[in-house]
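Below is one structure; the comments refer to it alone.
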Amino acid sequence: MTDTLIKVDLSQSPHTNEQIHNRWHPDIPMACWVEPGDDFKVETYDWTGGQIKNDDDAADVRDVELEQVHYLSGPIGVKGAEPGDLLVVDILDIGTKEDMLWGFNGFFSKQNGGGFLTEHFPEAQKSIWDFEGMFTRSRHVPGVRYAGLIHPGLIGCLPDRPMLDMWNSREKALKDTDPNRVPALCELPNTKSAHMGKLKGEERDKAAAEGARTVPPREHGGNCDIKDLSRGSKIYFPVYVDGAGLSMGDLHFSQGDGEITFCGAIEMAGWLHIKVNLIKGGMAKYGIKNPIFKPSPIVPKYDDYLIFEGISVDESGKQHYLDVNVAYRQACLNAIEYMTKFGFTRAQAYAILGTAPVQGHISGVVDIPNSCATLWLPLDIFEFDMSPGSDGPKKFLDSSIDVPLAPDL
Amino acid sequence: MTDTLIKVDLSQSPHTNEQIHNRWHPDIPMACWVEPGDDFKVETYDWTGGQIKNDDDAADVRDVELEQVHYLSGPIGVKGAEPGDLLVVDILDIGTKEDMLWGFNGFFSKQNGGGFLTEHFPEAQKSIWDFEGMFTRSRHVPGVRYAGLIHPGLIGCLPDRPMLDMWNSREKALKDTDPNRVPALCELPNTKSAHMGKLKGEERDKAAAEGARTVPPREHGGNCDIKDLSRGSKIYFPVYVDGAGLSMGDLHFSQGDGEITFCGAIEMAGWLHIKVNLIKGGMAKYGIKNPIFKPSPIVPKYDDYLIFEGISVDESGKQHYLDVNVAYRQACLNAIEYMTKFGFTRAQAYAILGTAPVQGHISGVVDIPNSCATLWLPLDIFEFDMSPGSDGPKKFLDSSIDVPLAPDL
Amino acid sequence: MTDTLIKVDLSQSPHTNEQIHNRWHPDIPMACWVEPGDDFKVETYDWTGGQIKNDDDAADVRDVELEQVHYLSGPIGVKGAEPGDLLVVDILDIGTKEDMLWGFNGFFSKQNGGGFLTEHFPEAQKSIWDFEGMFTRSRHVPGVRYAGLIHPGLIGCLPDRPMLDMWNSREKALKDTDPNRVPALCELPNTKSAHMGKLKGEERDKAAAEGARTVPPREHGGNCDIKDLSRGSKIYFPVYVDGAGLSMGDLHFSQGDGEITFCGAIEMAGWLHIKVNLIKGGMAKYGIKNPIFKPSPIVPKYDDYLIFEGISVDESGKQHYLDVNVAYRQACLNAIEYMTKFGFTRAQAYAILGTAPVQGHISGVVDIPNSCATLWLPLDIFEFDMSPGSDGPKKFLDSSIDVPLAPDL
Amino acid sequence: MTDTLIKVDLSQSPHTNEQIHNRWHPDIPMACWVEPGDDFKVETYDWTGGQIKNDDDAADVRDVELEQVHYLSGPIGVKGAEPGDLLVVDILDIGTKEDMLWGFNGFFSKQNGGGFLTEHFPEAQKSIWDFEGMFTRSRHVPGVRYAGLIHPGLIGCLPDRPMLDMWNSREKALKDTDPNRVPALCELPNTKSAHMGKLKGEERDKAAAEGARTVPPREHGGNCDIKDLSRGSKIYFPVYVDGAGLSMGDLHFSQGDGEITFCGAIEMAGWLHIKVNLIKGGMAKYGIKNPIFKPSPIVPKYDDYLIFEGISVDESGKQHYLDVNVAYRQACLNAIEYMTKFGFTRAQAYAILGTAPVQGHISGVVDIPNSCATLWLPLDIFEFDMSPGSDGPKKFLDSSIDVPLAPDL
């Protein structure tokens, strides 16, 4: 019987749980301690802490309070870990919770978070995905079924003070260039809804006022949303503080490269079974600034791809200079257009790109002025034949089902 | 015996060959005609038309005349092809030429082309790669050997007049924003060294003055430099002119995602064996703007990856907003740093990222303000163990060999 | 929350559980009923019903009572299923039981069951394998670790009366050719330790006297021990009786092709999550005699193989005629010999071939008089480099640890 | 330009070429010599030396003279090779000859060779397969197309005298058990049509009278017909004589596990590009009796399998004891039956099993009395959907085309 060091009760607010936090700060006390070589389980909330319901109304996605995210389990102290070490994390397994055998994918309103294609999908939409063992399907997106590639969207160690200061100052400099932009350029420290684990009172308030938001990936890893950090992978994290302070959360049942819908992936609560070890002085030995990892030997074999190209000319026809973001957006739009020819709605197609194990490759970045990005759509996930052929596409769906939308108020 | 419709003589200038061209223009006459269903061979020059030699001096890379590139074989007319069709191209095979069993990889000088890491590698360098059947190795980059994933860097159909005009106008608008930038933002039409196939005299001069340069990928495909357009793949190209006018060249023996060194990949002369078919009206039927393709069933199985993360904070510590280019550059720099710990020079590491089948994934593009890109380095290509471990890295090389460099004059 | 239709209590004898049986007979009543389209969980004992302990003494393997095997969960009635249908079973997931996070591999004594290499390993030996999430390792076999490819060794539907009679008569005919052979040629019906589910009294005795033993695979599938019937696979079973009567058990955490050690694989208790559907009249429509299946999209990627050949000349040098069994035995012996050069004992090497996802291919069966079989050993499972090289093998182990052996009494 | 050390002229009899032989004997002089580290090309005849024609008449298959086979290119002497060494052979590439862009698959008459299913296909049949670059298709077997997995069916080093004597004596002992069996149990030395390379006159006659036939695989490798010894693989061969004496031939464009049709695979003439090295004393160091090898990193990705089971109960219902041959035969017959439901003739289905990259696994060999073998049919090779479904199979072909048959005379 493997020990579960951090438990979560989905019927209770995460703010009642002292082993949870939603900001990065070196002063957050360790939630528990382990030895190098230990393996143990950690339970997690979904990233919103239960704000999204299993129903057919996207109002909860529209009205989500983003100051709360992400609820992380930890920090876990590893005895003997010191700054400069590498913390080696084996993800031995990840699973769902018996009382939440479903997940959600959302498009945030452009007014409240947005997403990669927010200009094309400006209003909130939500799809619910049911888990059937290792597989998932959605009543809002018929015609697809896939095996999960379960992974933590967010995992990493506590920053030390200089790193935290660096994060805050560089992000503030960016924010200051356009402070009122919607969607925002970035999210600065904000005490509202901050949960600092065991910290209480003044200490809590002080740390909350400085604590970095959990939204972006940073040097420590953090919210990388890399679909390949899946169960079975082995990750080498930089350590900045004594004890390392490993936290994790934001589990995804499945996700495509880019997590393009932002609320993004199939978001779930669940548990991880992990093992920790140390490489003493590993950061210098290997020249490590950001985490490195080896992917899992166990991943779904969805390798019958149809590949879409995009270049860095935007929707208005404007030429950008080697901009991979623009190119990938075009590749995504090209894929969506293609899928509609088979009967999917545009929102369903977008949801598929966000949740299925699509690949996004940086195919060419030197051929001025156009980058070339490719979107790899695995045809194995579809329940009918989506290949191009001389007969033209067949409409398998009639648009009678769509992804629920909640208009902006 | 398969017919070779276009032959090239590597001992002769490509300008002597009327079945070669190096600009895109609808008036370039077809080099030959085929029927739908035909399969045939096409020979190609290397992209520079033989400017680079098999020696240990990078001066030719430094001094390359980029107005010449890319020498393409074609255009090939396909009977019955009309605007709006999809031209289906099966790449049945690709091979080397018996009299050029080697290829080259170069870093261009920042003064003459540059590359993805040109700030870090501002001067010209060159490595030569020998072909041993399906494999390659380099005397300038010891310790690696890989199977080829041979593909045309450049393939696509002729634009029609409105498309050509659109290309020229949007690129000029970009160029005009900073006309003297080095490296240039883009390359506009330029008659110098233009080769317009069979066009002669005034017609040639007129077309050359308007003909789009072949450097960027565009709607028709073109210089996509997608490593996965490899032998065995099937590509669906938009058709814009009667007869389609398919041209191809810039063969690569192997390349990583992004072709980051620009000269780039392992550049080679060679031949393609292709088959063509049509899907009438396919562009509208499938909603196709850019080419789509299905990858080959035959690719090297190099799947033991070590993965490097990068975020959109640049080398100076400046925070960028969701910029995948910056993030991928950081991932590449992180990988280079790691490789040097095992004894590779920085230039060797850069050459490996450009030539080996590394993958570049757009892993996260919504977590403001940081994109996350990942660089997947296949450990199978190394002749020694490059995994991280508790003992620290072992130096397998002593830097006595490096990639030849030619200083700017 | 998924329903668990059959539960097992590992602390109780399987004979106390009416939803368990260990013989095949059409009169065994359904343990429960489901509808086509239902998904549900089923728990299982290990195949011996708990006879083997997690200790370092192989006496329990030596003394195992084979009349008891295999304890199956079922039969499960599927409403509407009729003879001639195909029962489609999706294995949605398989897992371990929290109170038995380990499994065992055994070599049976030649006096009590034997195995594929029983002439070489005539006495009982046992290794214990601990489960760490999706991975396993053994204190008796250091140097290897692998991800599970969990599957039911035994699964299939109840035979009808004519099929049962056919099984019994053809097996008796074989047995009669050498009734006293050790190991036996086959096992005929035997009331000792027979467990007939809900059947009681006279009915039970009568059915037990006729009920086919569960040891061999037969037309209905049954004890196929196919490592690839793993979680995520989809199987099409012939139906012989109304309601189909699907039973399953003998879970394996991991196994090599052939299950050569007989007790065999890494044997475990656990649970399956399955979904059932029907193809009415499917046996005739598709010409199905034995089950067919599609393998899982999720399997461990252990694909760096070293391959050993064997031909049908036996250990004494005798030439056999196209005998794949002899050839595969030689390939296995060749692999064992090779592994000992790196420090494994012969018993450890044999245990690895039985438990790791090795492949056994029938490579050539027509080149008189020698068959050629190949044994594919995945080098990824070893914690050190087992490739051949010019330096010769390095001994990584010193034989101080071995697989416990219990001599025949 | 790579040197071609052995050339063949397909318009000439192989008996005119002194670098060809068709028997194994230590006295055959080396055809040429190379140094360790050398890479070079070797051309080969098809295994029959041109007896089979590209037409629609199977008479040549029926009447094939099997005393001639197999025509091998070699032996190649490797300087410094001594008995006990391992000869390391890298297959750098394999290709077709421009003047024979086709291959053949045949079922031999039961009166002249037979095959794995000769009781079911007792008469000679032939299909012709055209090569289109890396792909093949057949006018006799519509509906399938596959990439080649090109490999030498036969490759190995010369035996020394004691090994030759052992081969001859053990095979004679087998033959003597039923000397007149049709098909024969094995083929003993036979001077008819023997070709002993450079040996002439009395020496030739003496060696021919003793020379082992090339049909079976043996300790040295030889006619293993392992589809996975494909281009890109690395093989370690035992060396028995000074100089090693490596010979090869019997190229196959593609083949399934077992090469079940005997003439078998898609037989072709062609060339190999190989590199040789030595591991001195490697046989003892690694405990090598038969060759071992590492498969190629480049193989066709045909991994969407439908898997058929077979058990060791034969077509008449007779129970065999753990006989993998019987089990694999049943799996093959089950697959053939299935394929006919989609419109293939039985002969076409048999030809597909012989030529496509099907896998044959020894799935269970210990569950008395039934072995379980599985036949893995890759659905990717079919041009239509061959999956089972609730609607039943669709007939895609109407049997109007079949594999030509030449009745026994």
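By written order: A, B, C and D. Residues from 1 in each chain.
By our rule, a contact is a pair of C-beta atoms (placed from the backbone, for glycine too) under 8 Å apart; a residue touches a chain by one contact, two chains touch by 3 or more.
All values reported here derive from a predicted model rather than from experimental measurement.
Most remote chain relative to subunit A, going by C-alpha centroids?
Relative to subunit A, the chain with the farthest C-alpha centre is D.
Between A-D and A-C, which chain pair is linked by the larger number of C-beta contacts?
A-C
If you average the CA atoms of subunit A and of subunit D, how many Å lie between those two points?
About 51 Å, centre to centre.
Would you mind pulling out the distance in Å between where the CA atoms of subunit A average out and where those of subunit B do?
32
Counting only Cα atoms for the centres, state how far subunit A is from subunit C in Å.
Subunit A and subunit C have C-alpha centres separated by 40 Å.
Going by the touch rule set out above, which residues of subunit A reach two or more other chains?
Residue numbers touching two or more other chains: 301, 304, 380.
If we count contacts the way the header does, which residues on subunit C are in touch with subunit A in the complex?
Checking each residue of subunit C against subunit A gives 1-2, 39, 91-93, 98-99, 101, 132-135, 147, 231-232, 273, 275, 297-302, 380.
State the interface residues of subunit B toward subunit A in the complex, per the touch definition above.
86, 115-116, 166, 170-171, 173-174, 183-187, 215-219, 221, 223-228, 236, 257-262, 264, 277, 279-282, 285-295, 304-311, 313, 317-325, 328, 330-331, 334, 337-338, 340-341, 359-374, 387-390, 392-393
Write out the stretch or stretches of subunit D touching subunit A in their complex.
301, 303-304, 380, 385
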